[in-house]
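First subunit A sits with subunit B, and in the next complex the same chain sits with subunit C.
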Partner chain A sequence: MGRTGAEPQRWDATSPARSGDAVLSVERLRTYFDTPAGVVKAVDDVSFSLNRGDILAIVGESGSGKSVTAQSIMKLVAMPPGRYASGQVVLDGIDLLSQSERALGAIRGKRISMIFQNPRAALNPAFTVSTLMVETLRRHDSSLSRAEAVKRAAALLRAVDFPDPERVAASYPHQMSGGMCQRVGVALSMACEPEVLIADEPTTALDVLVQATILLLLKRAHAERGLSIILITHDFGVLRALATRVIVMYAGQIQEQGRVDDVLANPQHPYTKALIQAVPDPDSTDQRLHQIEGQPPDLLNLPAGCSFADRCAFVMPKCRSERPELYEAAAGTDVRCHLFGPEASAHQ
Partner chain B sequence: MLRFIIWRLIHVVPVLLGVSFVVFSILYLIPGDIATTLLSMFYTEERAAMLREQLGLDRPMFVQYGRWLWAALHGDLGQSLMMRMPVMTVLLDKTGNSLILTGASLLIVIPVSFLMGTASAARFRKPFDRFTVFFSLLLASMPVFWLGIALLYLFGVRIPLFPMSGMYNMANPGGILDLLHHLFLPAVTTAATSVAIVTRVTRGAMLDTLSQPYILAARSRGLPGSRVIYRHGVRNILPTFSNMIGLQIGYLFGSAIFSEIIFNWPGIGLQLYQSILHRDLTMVQGCVLAVAIIFVLGNMLADIIVYALDTTRK
Partner chain C sequence: MSEPLIKVRGLRKAFPVREGTVLRKKVGEIVAVDDVSFDVFEGETLGCVGGSGSGKSTLGRLILNLIRADVGSVQFGDADLVGLSPAEMRPYRKDLQIVFQDPLHTLNPRRTVAENVTRSMLNFDIPRQEARERVQYLFDIVGLNPAHTNRYPHEFSGGQCQRIGIARALALEPRFLFLDEPVSALDVSIQGQILNLLKELQETLHLTYLFVSHDLKLVKNFSDRILVLYHGRAVEIGGSDEVYHQPKHPYTRTLLDAVLGLKKDDAWERVASQTGVLADDEDLESAMRASAAARTGCIYSGTCTERFEPCATQMPELQEIEAGHAVACHLYEGSKKDWNASATAGDARREREHALRQARDESARQLMT
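== the complex of A and B ==
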C-alpha cells in the first residue's frame, strides 16, 4: 500500500481486523549462552503466538530475557556464545530458525523488522540516514534505482513526521536528538513494509514527550497497515495504552500470559502482582514505589523449583523442589505457578 | 580540513625544535674534549683548533645551538669525519634507501594485518581466528634481529631464494625486479612485529565494533553478513586502523635499523650503526635527526588521515 506522504494521518483504534490467526508463533524456544562460567539459560522454554494485527507486549525486569527472546525470533543472537537449544519460530509457515543466513537475509527487514532500545547506538555513526535507508530499500528491491530509493526514503521520513526529510537524510546520527534517531529507527523498520515489527523498549531511552510521539507512530502503523507488533516494555502505561495481550517474563520463562485488561486488573501470578504493585498507580493517592524484595535468580544456577520462589510471598515447600508448568488460572490467562496447578485446590 | 592540517603542521614545530635540541646535545653528553672525540684517530692540534673554531666551542651552549640550528635549517649538518663529505649528502642518499625499506614493509603491514584482523574477528573463535591469534603471538615474540637472521639462514643460505645482502646485485645490477628481490627478506623482517601488533589491535577493534547495536540493527534489516562486516563494521575501525599504522611508521623505522644491519641494506640504520662504531658523531647526529623527523612527520600524516576519516567531526 502507498504512503500518504505529507498529509496528516489519523488512526482509528477499532480498525485493525483481529482475525485470530497467528502470523508468528514461537514454540518451546530455548536460547542458551555458553560462557566460561557456565550455561546461561537466557530464554528457557518460551512459547507464544502473535495474532495478525495484534499488539503483544512482553514485560519483565531487567535481565529476564526479553531482548534475547526478540533477537532469537529473528535468529540474530550471536553464535557463539549463543545457541538455540530447542524451539521453532514460525513466521507465516516458515520456520525461521532452520533457515540459512542467506534466506534469512531476504526475510529480515522485509517481512519482520526490529526497533531498538538505544536509538542512537542502533544507527551506524559512519553513515548518513540516507545511506542507511537507501541501502535497506535497495537490499529488498534490487530493481529500485538509487534516485528512486532516495525519493522513497524522503517519503518514509516524512511519514514519521519529519517536516524536512532532505535535511534529516543528510544527517549523521550524532547530529540528531535521541527522539529523531528513534523516528529514523521507525522509518528504517517500516521501509519495506514488514508484517511483523518487534519493538524492543523503543521508548525507554527517551523523555516522556518524545515517548508519546514514537508510540503514536507505532499505533498509526498498526492501525493503517494492520502491522502486528511485539512490544517489549517496562512501562505499564504503554502496555495499557497499546497492547492487547501481554506476556510476563521472569528468569527466561513466561510466568503469566493473557489479555492486558485481565492481567492488569486481576494479576494471578505472585510475580505479576508484585510487579504491578511496584508501579505507582497514577489514580491512587499512594504514590510510593513498591520494590520487589530480593534479587532475580542467577541464570547460571537456576533453582530446582520455581525461579521466583525466593522472592515469593506465597511460597510453598513444593515450589522449592518442583518446577511449575504453565497452568490455566482463569479464562485466557496462563500462569506458571503451583498455586494454580492440578493439586492446587488442596492448598486453597 | 585545511585548517586542521595547518594547525597540525604548526604543532610539529615545537616538537622538532625539542628533537633538534636533544640531537644537538649528543655532542655535549660525551665526556672529555669534544674536538678530540670527534677527530679521534684523525686528531692533530691543527685540526682540533679548526674544529673548535668551526663549532664555536668557546661560546655558550645556547649560542652554539643557535648556530648549529641555523646551519641545519640551511641544510648544513657539518662534515662526516669518517666519510669526508657533508652529512646532509649522505643522509639524503641513505634516507631514500631507508624509506624504500620502510615503505615496502608498510605495504606488507597494511594489507596483511587489515585482512587478518578483520577476517579473524568475523570468524571469532573459529579455526582461522585461533590461528591468527596464535600466529600473531608467535610473530610478536620474535625479536627482529632473530627473525632476520633466521630468514637469512633459511631463504638465503639453506634454500637460496633471495640474495643475502645489499640493494642491488653487485655484479649485475638490475632494475626494479632486482631491487624487489633484494627488498623481500628485509621488508618481511621489518614488518613482522608490526603485522602482529596491528593484526591484534585490528581484530580487537573489529570485535568491539561487531558487538555494537548498529551491527545488530544492520543485520535486522536483512543486510548480508559480508556487507555488515566489510561495510558497516570496517568503516568504523578505519580511524583506529590508520592511527595504528601511523604509529607503526616510526616503529618500522626502528625495526628497519636492525634489518639494515643484518641484510646490509644501505640505509640510515646501517649508517647509524657504522657511524656509532666509528665514533663519527656528526653523522650520528644527522642520522638520529633524520629518524626523529620521519617519525614526527609519519605521526602527523596519520593524524591527518584519521581526521579525514572521522565523520563525527565533519
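== the complex of A and C ==
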C-alpha cells in the first residue's frame, strides 16, 4: 500500500505500485441502491487489492457494505434497484463491471467462485448434489463427458472429507445437515479450479465444531491450490483463524486496513478498537460486556462528517463537519480517522 | 446457594420420523432430549450449550410446556408442569416467559409495538388503562423511548426489536425467562447492549434465566453455571468458570477447543481434523441410526477420542465429581482415574482417519493431473 499520510485516497497514483502481484483489484467502487426513500450508498468509494495467495478478510456489521462489496465483485447486485455508480473490478486486466452477462458467465464459477452464508439456500432443492456438480463442471468444460464429470464430482466430494461420496452425490439438499451442505458448497466452488474464492460469511449459520471443519477446508484449499480468498465475516475469531490481511468496513467505507496481526494487536480506528473490545473475553470475571453505544448508521441519513462520530469516544468538532480520508496510521495500516490526519500527526 | 426455582427430572422427548404421503407411517424417531435432570436456582443464569441439534431449544420449550414431554417432570413450585393442559398451565404462564432468537419475526407486524406488548396483559385481564401505563414503564426500563410505543415493528432496528421482545416477556412480571439465542441475530456492537440490559434487569427484577446460545464465549461471561448438551443428553454441568477452564467431558473439551478467540491458537485445527468430520457427517438417516444405536452405549462414544471398553455398552450417568460439577463419562467413574491415562482408546478411529486422509490425497492428485 504505497499511500502516504496526507494524500487523499486516489487510485490512479497508487494502483501501479499496488497491482504488483494483485490477482484482483477493486478501484473506487461505488455501489448505490435507488430506493423510494433516497439513494443508499451501500459501497462508497472502496479500493483494495487482493494479492495472490492472500486471505483478505472484510469485517463489518450489517449495513457496513461488506456483502455488497462481495456481490459487486461478481457483478451480482440486482439492477435495479442497485447500480454501479463508479469504479472498476479488475481481474487480469479485465474490468468485470463492464463485461456482458455472457462474458461473465465464463468467469463466474470458473475464475472467481463464491461460497454463501446460507448453505442450504445456495443449493437448488430440486436437484441432487450429483446433478448440481455435474452441471457446474460441464458448464465450464463442454468436452467433459457425463461419466467423467460424475467421477470428478466424486473426487471433489472426497476432497471435502465425505467418506462415502456416492451417497452424498445421490442426496438432495434437504436430506443433509447444514454443515454437509456447506461442504458441498465448498466442493462446488472448487470444481473449476478458480483463482479467487469469495466466502461470504461461510460459517455464520453453523455451530462451532462444524465451523472448524469448514475453516479447515478453506485453509487447505488455500495451502494446496494457492487459492486467493476474500473472506467476508463479522467474527473476529474467524478472521484470526484464517486471514492474513483485514479490511474493517463501516457505513459503506473502509475504516481501517492492514495486516491481521497488526490490526488485532494494535487497532488504530476507534471503531475497530470498540469492535475488538466487544468480543467477549472468557478470562474476564466481569459478567458485563463491553458495549458500543448508539445505533448502527442509517445509510439514508448519514452525518456530514465521519459516519462513526455519533458513537465515537474520541469525537472532535472536526469529526462532525469533515469526512476523514484514509491516512497511514502505522506502517502498513491505513485508517479513516481525523486522529491520524496530517494536522493530528503534527501533534503526536 | 439459593433454592431451586425449577427442578427438571428425567425429561425425555422424541420426535417421530414418518414416511409416505397418506399413512405417514412412523419409521423411526429422533430423540431430541433424553433423560435430562438438573435444577435451575432462583436468581441464577444457567447457560446451555451444545452443537446444532443437541436439543438446547427443545429443552427450554419443554420446560415452558410449549412442547409436550414424553416422560419426566418439571417441578415449578408445587406443580409438575409436564402433562398440564393449556388451561391448567395458564396460571404458570405469567411466571415463565420466553425471549426469542429473531426479534423482528416474533412481533406482529400489523400491530403497533404497544399492542404487541399489551396483548399478554389483556389476556390476563389487566385493565387496558393499567396495561397502557405499564408499557410506558416497560419501554423505559428496556431503554426505549416511551414516546415510540405507537410505532410499528418495522420502524425499529434489530437491537430495538429485541428490546421490545424483552419488554413483552417482562409484561406479566415473570420469575423465569427462557432466553433462546437472544443475541445471535444481532450485530456484535449491539449484543453487548442487550446482554448488559438483561443482566441489569435480572438484578433489579430478581429474574432467573435459562440462556441458550451457540457462542460459548458469550455463555461463559453471561452465565453463573453451564449445562452442556450432546444429542439430547446432559454430559456436563457446573460453574461457568470450572466448565470453561477445567472442562471434564471429552465433548466439552472438544467444543471449547473449537471456539475461536482473538489469540492465535491452533486448537480449532486439531479439533477439526480429529473429530470434525465425524461430528458433522449427519443427515436425517444417520441421526436416526445414531439415535437408536447409541442408546445402548455412551452417546458420544462414536466420536470420542478417549473411549474405552465400557463406553460401547453403557451410557454413563451424570455424577458429581467435584462440588457442583457433574459429568456423564466413564472416565470419571469408580477410581476417578485421570483422563490422560486412557490414551489407548481410539485406535480404530485413528485408522479410519488415516484411510480418509489417504483417500483425500489420492483424489487431490487425480484432480491435479
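Here is the rule we use: the second predicted complex is superposed on the first by the 316 of 348 C-alpha atoms of A that agree within 3 Å, B and C clash if a C-alpha of one lies under 4 Å from a C-alpha of the other, contacts with A are read in each partner's own complex, and residues count from 1 in each chain.
In this text, contacts are C-beta pairs under 8 Å (C-beta built on N, C-alpha and C of every residue); 3 or more make two chains touch, one makes a residue touch a chain.
These figures come from a predicted structure and were not determined experimentally.
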Clash or fit, subunit B versus subunit C on superposed subunit A: fit
Touching partner for A:295 - first (subunit B), second (subunit C), both, neither: second
Contacts of A:266 with subunit B and subunit C, given as first, second, both or neither: neither
Partner chain in contact with A:321 - subunit B first, subunit C second, else both or neither: neither
Partner chain in contact with A:35 - subunit B first, subunit C second, else both or neither: neither
First, second, both or neither for A:213, with subunit B first and subunit C second: second
First (subunit B), second (subunit C), both or neither touched by A:98: neither
Subunit B versus subunit C as contact partner of A:155, first or second or both or neither: second
Of subunit B and subunit C, the chain that contacts the larger number of subunit A residues: C
First, second, both or neither for A:86, with subunit B first and subunit C second: neither
Minimum C-alpha spacing, chains overlaid - subunit B and subunit C, in Å: 5
Residue numbers on subunit A that touch subunit C, as the complex places them: 61-62, 152, 154-156, 158-159, 161-163, 171, 175-180, 183, 193, 206-213, 215-216, 219, 224, 234-238, 240-241, 264, 274-276, 278-282, 284-293, 295-296, 311
Contact set on subunit C toward subunit A in their complex: 51-53, 157-160, 187-193, 195-196, 199, 214-218, 220-222, 241, 244, 254-255, 258-264, 268-269, 271-273, 275-277, 279-285, 352, 356, 359-360, 362-364, 366-367
Interfacial residue positions of subunit B with respect to subunit A in the complex: 124-125, 211-214, 216-225, 232, 235-236, 311-312, 314
Partner subunit B, residues of subunit A touching it in the complex: 71, 74, 76, 78, 80, 101-102, 104-110, 113-114, 116, 118, 121-127, 135-136, 139-140, 172, 174, 185, 188-189, 191-192
